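Letters A, B, C, D, E and F mark the chains in the order given here, with residues in each chain numbered from 1 onward.
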Amino acid sequence: MAENWLPTLEAATPQLGFELAIKLSRMGVKLTQPSDEVRNKLRASYEQDSQQLIAVSQVIATYFQTIAAANNYWRS
Amino acid sequence: MAENWLPTLEAATPQLGFELAIKLSRMGVKLTQPSDEVRNKLRASYEQDSQQLIAVSQVIATYFQTIAAANNYWRS
Amino acid sequence: MAENWLPTLEAATPQLGFELAIKLSRMGVKLTQPSDEVRNKLRASYEQDSQQLIAVSQVIATYFQTIAAANNYWRS
Amino acid sequence: MAENWLPTLEAATPQLGFELAIKLSRMGVKLTQPSDEVRNKLRASYEQDSQQLIAVSQVIATYFQTIAAANNYWRS
Amino acid sequence: MAENWLPTLEAATPQLGFELAIKLSRMGVKLTQPSDEVRNKLRASYEQDSQQLIAVSQVIATYFQTIAAANNYWRS
Amino acid sequence: MAENWLPTLEAATPQLGFELAIKLSRMGVKLTQPSDEVRNKLRASYEQDSQQLIAVSQVIATYFQTIAAANNYWRS
């Protein structure tokens, strides 16, 4: 994993922070299952499964908690 | 996702913060499964499934934790 | 949802904070599944299912964490 | 629930804090399913089910997090 | 439970903190299912079940979060 | 476990912190199921199971939360 895909947790806006949370949730899966082929096959399945979509949503929520704290909650 | 749907984590009251937590829990699903048609179909199913409703409730609780911290818990 | 059901996270005692956590865990479900009829049907089922009761208990624990922080843990 | 079962989150030692976490995990279930008869029946089942025991353990861990913070981690 | 098994959350190193997290995850189960015989039987089963091993890993992660905070993250 | 596999929670960059989170998530499993043979067999199974991959991702997210806090979120 030579690529530098996570240079910072700083995000200019809450929305960009949310998008970063999604990215992190995917990287956790990608680094556990590196095969694009397998992941694409699995994605086709879990995208139709509300239980798994909710579980993905839980992972995103956990990363967003971290990123929001890192950005001092974007308090004005 | 050009739309600006999350300008701030600030909420005037705990109740508005709770509603924002619900919104975030839905956006996590929406950005993972963008098809309105598929999501509507899944919703019809999980709305009748207590296990999944509890799982959704867990996601909301996690976002509410973040939003409450962002608003200093609306301490008077 | 015109009703003001969450005016504050402040609770005079830990026990009242715990009761508020239970209330929030239920509101997360209620706002996702607004039909009283469906919820009552589901409740009859999950109240007999230890796995789901434990999952509810997890949601309550998460809200209690937030409420306890909001009240500075009721430190004397 | 007239009884005062949670006067404080303070615990003299980490171990007493852990025992309080167990108590809270049980109260979340008890207040959702108040029937002693039903809970005893369910307990006989989940006590033999490792998956549910792990889920209970997760709830306890979450409460312990709150109680440890409330007690400033019992730092010497 | 007369034994004093948790005198402190302090750990000299992150690794000792991790081992303490594992201990706490087991105590949560032990205090819920005190029978050594039953737990040994269940262990033989969940040790062969990746889903349950991941769930155990989640509990450990939660305790480690608490212990790391208690030790100020062992910052140098 | 004589080996010193966790000398610090400090990581020079968020990405290295993420990699440490993955390592911790694996150590939780490894210390619960020490047999390389069994773990390799289980890995072959859960790597093809999106539900379990999401659960692994949740564990990683929890460790990353701890590591990010330990590193003051790598704020510039």
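Keep in mind that, in the parts below, a residue touches a chain if its C-beta (ideal position, glycine included) is under 8 Å from a C-beta of that chain, and two chains touch if they have at least 3 such contacts.
All values reported here derive from a predicted model rather than from experimental measurement.
Visitor: What's the minimum number of touch steps needed to get from chain C to chain E?
Guide: The distance in steps between these two chains is 2.
Visitor: Provide the labels of all chains in contact with chain B and in contact with chain E.
Guide: Shared contacts of chain B and chain E: no chain.
Visitor: Which chains, if any, touch chain A and chain D both?
Guide: The shared contacts of chain A and chain D amount to nothing, since no chain touches both.
Visitor: Of the other chains, whose C-alpha centre is the longest way from the centre of chain E?
Guide: The most remote chain is B.
Visitor: Would you mind pulling out the distance in Å between where the CA atoms of chain B average out and where those of chain D do?
Guide: Each chain's C-alpha centroid was found; their separation is 27 Å.
Visitor: For chain C and chain D, what's the span in angstrom between their mean Cα positions?
Guide: Measuring from centre to centre gives 16 Å for this pair.
Visitor: For chain C and chain F, let me know how many angstrom lie between their CA-based centres, rounded off.
Guide: Roughly 31 Å separates the two chain centres.
Visitor: Using the touch definition from the top, which residues of chain F touch two or more other chains?
Guide: 49, 51, 55-56, 58, 62, 65, 69
Visitor: What pattern do the touching chains form: line, ring, star, complete or other?
Guide: Topology of touching chains reads as a ring, each chain with two neighbours.
Visitor: If contacts are counted as defined earlier, which sequence of chains do you get going round the ring from chain C via chain D?
Guide: C, D, E, F, A, B
Visitor: Which of the residues in chain A come into contact with chain B in the complex?
Guide: 13-15, 18-19, 22, 47-51, 53-58, 60-62, 64-65, 68-69, 73-76
Visitor: What residues on chain F touch chain E, complex-wise?
Guide: 1, 4-10, 24-25, 27-29, 31-33, 38, 42-43, 45-46, 49, 51-52, 55-56, 58-59, 62-63, 65-66, 69-70
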